[in-house]
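Presented below are the structures under discussion, each in the form of structure tokens.
Consider the two complexes below, in which chain A is the common component and chain B and chain C are the respective partners.
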Partner chain A sequence: MATTYSKTTLSANKPRRWFWQRTHTRRITRSIAFYAFISPWLIGFVLLGIIPLAVGILASFTNYDGINVETVKWLGSRNYSRVFNDSEAIYAFQRTLLWSALNVPIWLVVSFTLALILNQGIKARGFFRTLFYLPSIIPVVAVVWAWRLLLDPNNGVLNAIISIFRPGTAILWTTEYALPSLTAISVWKGAGVGMVIFLAGLQGIPRELEEAAVIDGATRLRVFLHVTIPLMTPVIFFQLILGIIGSLQQFDLPVLLAGGRIGSVPPRATYFYVVHTMQQIFTFSRFGYGLALMWLLFVVIVIFTVIVFRTSRYWVYYEVEAKGEGK
Partner chain B sequence: MSALSPVQRRDSRRKRIRQGFAYVILYVTAFLLAVPIIWVILSSFKAESEYVKYPPQVLPNPFVWDNYVHALTWIPFFQFAWNSTFLATVFSTLTVVTSAMVGFAFARLEAPGKGRLFGIVVSLLMVPAIVTIIPQFVLFARLHLTNTYWPWVLWGVSASPFHIFLFRQFFTGVPKELEDAAEVDGAGPFRIFWQIFLPNAQPALATSFILNFVGVWGDWLAPIIYLDVKKTTLAVKLATATYSNPGDPTSQILVTITLAAAVIYTIPPVVMFFLAQRNIMEGVVTTGLK
Partner chain C sequence: MNESLKQSMRMSRRDFLRVTGLTVAGGVLVACAPAAPPPAAVPAADTSAAQSTPGTSAPAADKIEVQMMMNGPEFTDAEIDIFQEKNPGIIANRLDPDTTRYFAMLAAGNPPDILRLQAPQFPQLLARKIPLNLQPFIDVSELVHVEDLAPANNYYRSGSDALEIGDGDVYGMVKDWSPDMTLWANLDLIEEAGLPAPSFDEAMTYQDVRLYAEKLVKFEGDRTVNRGFDTNQPWIERFWMVWLEGMGNSLFSDDFKEMQLVKNDEAREAVAWHFDLSTDKLSISPSNPSPSWFGQDFATGTLGLLQFGFWYSGGIEVWSDDAMKEKTAAGRIVMLPSPTWKGVKRGPTITATGTIVTAATKHPEEAYRLFEWYNAEEAADNRAKSGWGVPALKSKYAMIPKEGAYRSQVWGVLEKELKDAETIVKFNPFLAGGEPGEVASLYAQFMEQTLNGDITFDEMLEKIETQTNTAIQDGIDRIL
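Then we have the complex of A and B:
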């Protein structure tokens, strides 16, 4: 920069140092500005993120009951070993895995299918997109009321409709069939969000690619399997991770459906892991144990995320091949 | 039309059939999605005696408009609505401003450590909410901030990773010339942000505000954990059927009035969504796709 300048001028050092100082102080003020701007988040991240988490980790090794600090005793890893002997926790974890295995694929397929259909040059696309997105805006408390009316075993709409074909049907949707019912509610509420993101991904696929494949004589199915799906894998990958994280920590739907109080106990079919955790904390005041349960769930979520990330290199197509190799 | 070859004509006919098929699926899906909403609205106009009848009748007969009057008067509805509004407004206003600031810094300012800090923001998008909610509750309880609205204020001030990301994406797209001209005039980063970027960010501001507002308005978990029955929000109040006739000591719990209350409670987020739906969906897409 200033080096060519210094050769031609006698008092080269002066402007050079001045220039250097100027850029240097400018860089410092810029850095200060950057940190001043992000300080709300940074301070919040430390005070409401790191500190509670550190406290939470420490408390998970104690018998903390949420109120009394004087009686807190260090239990070492006892809370953690207790989880593996807690048959309710293991049962709840199995139910959560089953629920995730049901909910995530159905949600992905439904929202992807809706996006594909809307991408067929539909004229009223905006109308349908808005309509399908609407359930995700409705507060979960109201959603649960709407579905209670449909699923009620005594005077619910669903049983009334089935009774037209099979009189006297009284299926216990909210207890015996709670898992499929919950999946229906969850997909109903979440499909619109998934669809909007898939639709944006589909519109990002260059038209020429699909058209070129058609001209080469590929059938629609082949174009879909070999052009559309591979190009959509980054979006599917992202949605899959979000879906797994969300499903494993499902809590409010079963509890709201079971009565809507923090201590409401859902039926066995939807007694999920976080429900069990919240029970331990708020019903039995076992904060230390509840936090241990929570941390183990966090570890499981991290493991799932890492598995999806690690396997992504085999099925996620990145346009820049070199980058895809590295991921 | 006559210029089309037989093959083209066949293809366009196939396309029309395919589109017709697509429309059928779309209308059926739309109907299925709408059924729960329509049904809850219809039921909110039914008399309690009609609501419990089986098989259920589709249309309310007679229309009981009084359900809506009772929904507003039999409990201090407006008190809870105010609590919801207050929390949602305070939180959203704070978090929109701070998220915009942080997003601006990540989009437009330079400093050592910026890349790493942004990495933290992105990885925080992935952290499950359930991990922080209990440790934070333990902390706030120790500070005697439970049953106050301070947690929402503090959450608001500390911005949210999702919205930081939204604003960063938005501000990255603003042309550099705007800022250069202001810099020549001697404006510092704070003035550039406040006088140039913020006023030009209306779509992002509206999206962020509405998403936050709808989020707090609909949130049931945080208020039920933190707040007692007086300070709580509509979400907690309406999670259980709490209506019974105050003039009649033998009155049962009346579901249809709770349904009417739930319908009223749903109106603000839905109206907000319709006001800004295009921006909202674009916002969801930018943060969803990266």
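Then we have the complex of A and C:
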């Protein structure tokens, strides 16, 4: 039943109501302004993020091949169980883990070392910072082509140099030593970005802490180990997460490095998980299966990220104590 | 307005998000919906129904855009201008060929009108009722006549069954084609290796090719300075199919539902021929990679024999350096007849790159007009004169370049080869047939393991067969 109000009641409440009305109108205006400002992102996120993800999840349970919209079949969890019976997928995943275990630490150490060197008062510091950062802004296709010319067994620069001492050398850098070669290229290309982030972290370390340690008689090594490193652990933590995600998703380098080989199937040593996924999708038209492979990779990445986050309490230094858990 | 009513009209953030969500979802649904109802040409229950009738499209007063997926050099801006000048009611819009994009546009109900494809892709597309039956247009065409179609066009002809390609209604045409089993030889390298100059009239055997490759390869220590023989390995199973079909054998069962490799001695022999070349470092392989690609290697004089079609006669003129261009003009680079496999000489095209009109086109008549112009008028003439392929229409064979030492030698061989190029290969409709195809991709994947001794040759064949059969089964599940 609708409530009715007398004129007297309404007029008695007028100042209060006016206040609330005004506050309410202001709130609505502010809400509209807020959502209007974020709507370009929100619409983009829904259209280009949420909807494709939802479609991707659904398609991973079907035999979708890119064309068969009308005859697509629901397979339940068959695509997911197929992954565990796909020896090539398992092999590719193992290679990816091995590559990540090799690439991420080397990249972290090289980036950090470069940052440490360039954080000193050396001459032409700006020039070297630019120089080391340059590979990061070169398109990956150009990078790989340059490296292929360096590493080619028959006509490559590296073998030509070795041939001065041992004529006729034709080391198969991109096949027999595919993993180390790929790591070298990856670190060469990625070290600049890592270096810039580490540099920002290093420059945020208060000088007085290092000076205090020196006054207390600490050597440079001890200052580095007990002041610099602990204060850099949040940056290392951030870089580690990025490195793991990037390495597990590695695709372009091995495929481009294999360019010119039949079907651009990379050597076995660098036949990574995402390469296998792309093969399934684009060579075998298994879009549904490929998506299942990708979602499983997503789960693996989440697991690794959670592990790193969980272990961070033991090795990452946080200046603000969180529930007495931080160092 | 009373308070409770006002209360109910207040928009909370949650409400706002709901409204936004609904609006966006509505927008998406509208965007995803086809812009217009499907035309009469949309494929019906069987392939024979996937046709349209000339004269049913939009009025010519409005300019109609026809989209064609084709490479830039194969359909130039100048040619587009000529077409539009001759057909003022049609705007030709070229898109770069991209099968994934094509299928995405098809799924969205707005596919390109014309698609560039290779013959191995056609059977599966036909099984999916994607190409438009062009026979009604060709029946009334003044430019394209069935009897004038070069044999390679048979790859785009079918009756009502996608499993039976080769005869029946026309669904597409080759843009141009080549007998693809021919060889290219560098006579200077052959002479340097102390080998006799090969005959331009008598076909070599594949055993001869192997012997030539052994002599042509040149090592310096572990380095390979010159390679003996190469071919386009992403097409590798197509070579095996040509050889096997020449012997009355096949890589697949009659119904295409199974691969016949492990227990098929003739098929094993075909695979072994290529594999042994890789083992002995006579051709490109994971243990003997090229920094470039074999077409470029031949054009730079580091490859003795190359198995490529007539189309390469145009390619070598572009990719060669000045020294090689001089050699080519002097007739030191020559085309040789297709070799014989077990005494059988077969020289069909195994690519037959061509075009189809999409059955779901909204403008079948205009799309066919562009298709016909591209395949029978100025653009076709330009291609015929360029030496990049044999024309799709026999009546244009006269335009193939024949002047000069190089071109006359190539034409001399080609003219005879055309007689061996009447047949077509039976491609599997349950495989997508891309480049590389499923079989070639698996061969590439497992060859390195076999070369390294991680698995045996038999195990490699088993892996290829098993995984190809899985791919076939996937294809059957999707299509049937």
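The criterion applied here is as follows: the second predicted complex is superposed on the first by the 291 of 327 C-alpha atoms of A that agree within 3 Å, B and C clash if a C-alpha of one lies under 4 Å from a C-alpha of the other, contacts with A are read in each partner's own complex, and residues count from 1 in each chain.
Convention: contacts are C-beta pairs under 8 Å (C-beta built on N, C-alpha and C of every residue); 3 or more make two chains touch, one makes a residue touch a chain.
From a predicted model like this one, the values you see are computed outputs, not experimental measurements.
In the model built by aligning both structures on chain A, chain B clashes with chain C.
Of the two partner chains placed by superposition, only chain B is touched by A:41; chain C is not.
Using the contact criterion defined above for the overlaid structures, shared-chain residue A:154 touches chain B and also reaches chain C.
Of the two partners chain B and chain C, more chain A residues are in touch with B.
Of the two partner chains placed by superposition, chain B and chain C are both touched by A:51. In the superposition on chain A, contact of A:301 is made with chain B only, not with chain C.
Within the superposed three-chain model, A:94 lies out of touch with both chain B and chain C [touch as defined at top]. Within the superposed three-chain model, A:311 lies out of touch with both chain B and chain C [touch as defined at top]. Of the two partner chains, chain B and chain C are each touched by A:31. By the document's definition of touching, both partners, chain B and chain C, reach A:66. Among the candidate segments 96-104, 258-266 or 366-374, the part of chain C whose C-alpha atoms clash with chain B in the superposed model is 96-104. Comparing the two interfaces of chain A, the one with chain B and the one with chain C have residues 31, 35, 42-43, 47, 51, 66, 149, 154-156, 163, 260-262, 282 in common. In the complex of the two chains, the chain B residues touching chain A come out as 18-19, 22-23, 25-26, 29-30, 33-37, 39-40, 43, 51-56, 98-99, 101-102, 104-106, 109-112, 114, 117, 120-121, 124, 126, 128-132, 134-136, 138-139, 141, 154-155, 157-159, 164, 188-190, 193, 214, 217-218, 220-221, 224-225, 235, 238-240, 258-259, 262-263, 265-266, 269-270, 273-274, 277, 281, 284-285, 288-290.
Here chain A touches chain C in the complex through residues 2-3, 5, 24, 28, 31-32, 35, 39, 42-43, 46-47, 51, 63, 65-69, 71, 73, 88, 148-149, 152-156, 159, 163, 167-172, 174-175, 260-263, 265, 267-268, 271, 279, 282-286, going by the rule given at the top. Those residues of chain C that touch chain A in the complex are listed here as 2-4, 10-11, 13, 16, 20-21, 24, 28, 100, 103-104, 106-107, 128, 130, 219-225, 233-234, 236, 284, 286-293, 432, 434, 436-438, 440-441, 443-445, 447-449, 452, 454, 471, 474-475, 477-479. Residues 27, 30-31, 33-38, 40-45, 47-49, 51-53, 55-56, 59, 64, 66, 114, 117-118, 120-122, 124, 128-135, 137-147, 149-150, 154-157, 160, 163, 188, 191, 193, 196-197, 200-201, 204, 235, 238, 241, 245, 248-249, 251-252, 256, 259-262, 274, 281-282, 287, 290-291, 294-295, 297-298, 301, 305 of chain A touch chain B in their complex.
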